[in-house]
């Protein structure tokens, strides 16, 4: 079985943000069974800085990453930025181009490769809506960033 | 119920590419129940043109879009490009920067908004791996593009 | 006659922003004769959000688009963003990189294709100056975005 | 009179590519009266390199720039790239993302500022169509690049 | 001897920002011997506008460029922006994506080509750190922009 | 002493590509004294894939990275891409936009932080020329990418 695709760290992260309310417990159980640690949360803003900050804070508070180590923060940061590329699709801008997001996020950490020497990786998944700062004038958006840690 | 998030066109598209083999039939049934039409497929290449072409061809052959109408092709094209931004995260390049993708794709068409006047929309979801052109030197990647049609 | 090029929606939008004062009435007449509806305006700012907002507000007030329909706002929004790519040429940023714009804009709506089934499209044209926030330290800039509606 | 806007080098370049066949002679006369030198041409390709090359070759052959001086070639090159940002709106790619262009181009050289010390500048304007490599599946596009020389 | 590489304007600019304290005088002497004029400085901010402004101000105060001529300001501005692309590697954003820089900068002006007709060029070099707004959570970064003046 | 800046991994990488022939041995000695391992090389092409490949191959052959571990290849790959952003300043394209590079490169591996727990990092530095595919029509360019390994 190819773990990367069957129960990959990225797929796990995506399933955590895509799960509807009645599916969320099953999804969390499956991710834990894959030996991944994770946290989830919500963030909404026209200010990209707040989105980045919300994800970093959640990952630190839930001890998914060790905030005293720059290498862990660096791995997380680039995974967040890569996920935001998918959300923004071209220019990593929100309020500056008059749009806002409402996002669920997940940060997943673990060993997605069978070779133990590949070590730990981190995945950041985002799913929600992007659009004008007027309720309903929005469509779905997603993003996934993956990095070695 | 907020259809956009609960059974949104984007979420449907993502679930179609994320489903493992034993989940695929259930997922398809749910998408059909949401009154969306769709197609799915696979494409793998170092050549971005082949990826774009594979998705366009599948959408035409499965009559998800009417290839004789430019407005439909235009809607699909921009949805594909937006999905590729998520996959490539910065520069929409594959072989030129020495990387290759192996992707499942879905194209979903339908009415994601309760207001009938919002009409039809299209979603393109991509999920798979991106990495060096050497088996195993790759990680997961995803992208979602959404457009009115 | 190939309407797309001879009296295209994009060319019409560009001519509306390029016309000198003695040419503007003739230009408007020609655009009306092509069965396009349109509005024009001016905006100047170091704040990209104000530029986007000025164009959206003008298009809504002049009923070029129906602001209660997201599909129309979505079509307009992406046309604006594409036009701004031409104005900024690389990074859709103004004040953040210490530059300001003074722009005339036009929003044109209509049927640029002979095939009726192609339906309505929208064009956003921008023309003016970009440069340092000091009078005279600036050069011309333009941008055009086109979308199906 | 503010020459920059009234008969600016950028506006002149745009008018040369926008002129319909019965307007082209008048437009050229006006540009010559503004003491600008210029050349115009056409290029169509899925290969961006051919587009860049066609414009450079025309500017050299028509002696708009001195090809033995790198500073002139450098000024032209960056003006071309900036114009292509407007044409491509995000990723400066054609065939790689399955699209093609058919463009008219102009290269205009002269003194757009009243202060003689501002010296010579160059403008590159592009106007035409971009779309799928199938006739008719295309919409208009434009771009303008300006540089000191 | 190929001056471009041996004592190029870009290499000179980079050496000025890379020199450790005991090397700085020697480096300045070498740059002066190459007949370049230059200035150096430091800037640190989460606000990109302040970084651009600090470099422009230093270049004006030290009379590396003539601030009354737009062509000189334009040459400097684009050289700064190109240097910032190297520093930010993808999106020219700092605080918006929750990061800050501490940079040394140099602006060098002179004749890097043996052919006198190539005239004057300008180089902007940046070197320092980029990272989270927390001391130590940062790594090195550099950028170089070059333009004819 | 702040190792990051005084004898940082990025500064070391840059000095290796900037050193003139009579300085190269001293520079290598200093880098070795900082306990970094490294390799250097040259690559020139209009084809970005060849540039990426030349750097990857040198890093593998000189055992700077372990090519059997994807985490090491992944760290190197993103460092290369970040360095190329500095070289290309906007669009990571060479021949497609009619330009070529002649580059010296270095790959440096080691522990740039005093805290042992920060582990190993990798730096990729590039320095050389970029320009038209005609000898002499080129200017200097540089780029630096840094990643945890």
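Going by the order they are written in, the chains are A, B, C, D, E and F; count residues from 1 in each one.
Here is the rule we use: a contact is a pair of C-beta atoms (placed from the backbone, for glycine too) under 8 Å apart; a residue touches a chain by one contact, two chains touch by 3 or more.
What you see is a predicted model; the values in this text were computed from it and never measured.
Chemist: Chains shared as neighbours by chain C and chain F?
Modeler: Chains that touch both chain C and chain F, as defined above, are A, B, D, E.
Chemist: Count the smallest number of chain-to-chain hops linking chain B with chain D, moving only between touching chains.
Modeler: So the least number of steps between the two chains is 1.
Chemist: Have a look at where chain A meets chain C and say same if over half of the interface residue numbers show up on both copies, different if under half do.
Modeler: Here the answer is different, because the shared fraction of interface numbers falls below one half.
Chemist: Name whichever of A-F, C-D or B-D reuses the A-E interface, so over half of the contact pairs are the same residue numbers.
Modeler: Overlap exceeds half of the contact pairs only for B-D.
Chemist: Just the number, please: Cα centre separation of chain A and chain D in whole Å.
Modeler: Distance between chain centres, rounded to whole Å: 43 Å.
Chemist: Counting only Cα atoms for the centres, state how far chain B is from chain F in Å.
Modeler: 36
Chemist: How many angstrom lie between the CA centroids of chain E and chain F, rounded to a whole number?
Modeler: About 20 Å separates the centre of chain E from that of chain F.
Chemist: Could you work out how far the Cα centre of chain B sits from that of chain C, in whole Å?
Modeler: 30
Chemist: Quick check on chain F: which residues sit in contact with 2+ other chains?
Modeler: 70, 74, 90-91, 93, 96, 113, 121, 136, 138-139
Chemist: Give the list of chain D residues in touch with chain E in this complex.
Modeler: Residues 69-71, 74-75, 78, 113, 115, 117-119, 121, 147-148 of chain D touch chain E in their complex.
Chemist: With touch defined as at the start, can you tell me which chain C residues reach chain E in the complex?
Modeler: Interface residues on chain C, with respect to chain E: 90-91, 93, 95-99, 131-132, 136-139.
Chemist: What residues on chain A touch chain B, complex-wise?
Modeler: 4-6, 8-11, 14-15, 18, 20, 82, 85-90, 112-113, 121, 123, 127-129, 136, 138-146
Chemist: Can you check the complex and tell me which residues of chain D touch chain F?
Modeler: 47-49, 52-53, 56, 70, 73-74, 77, 81, 84, 91-93, 96
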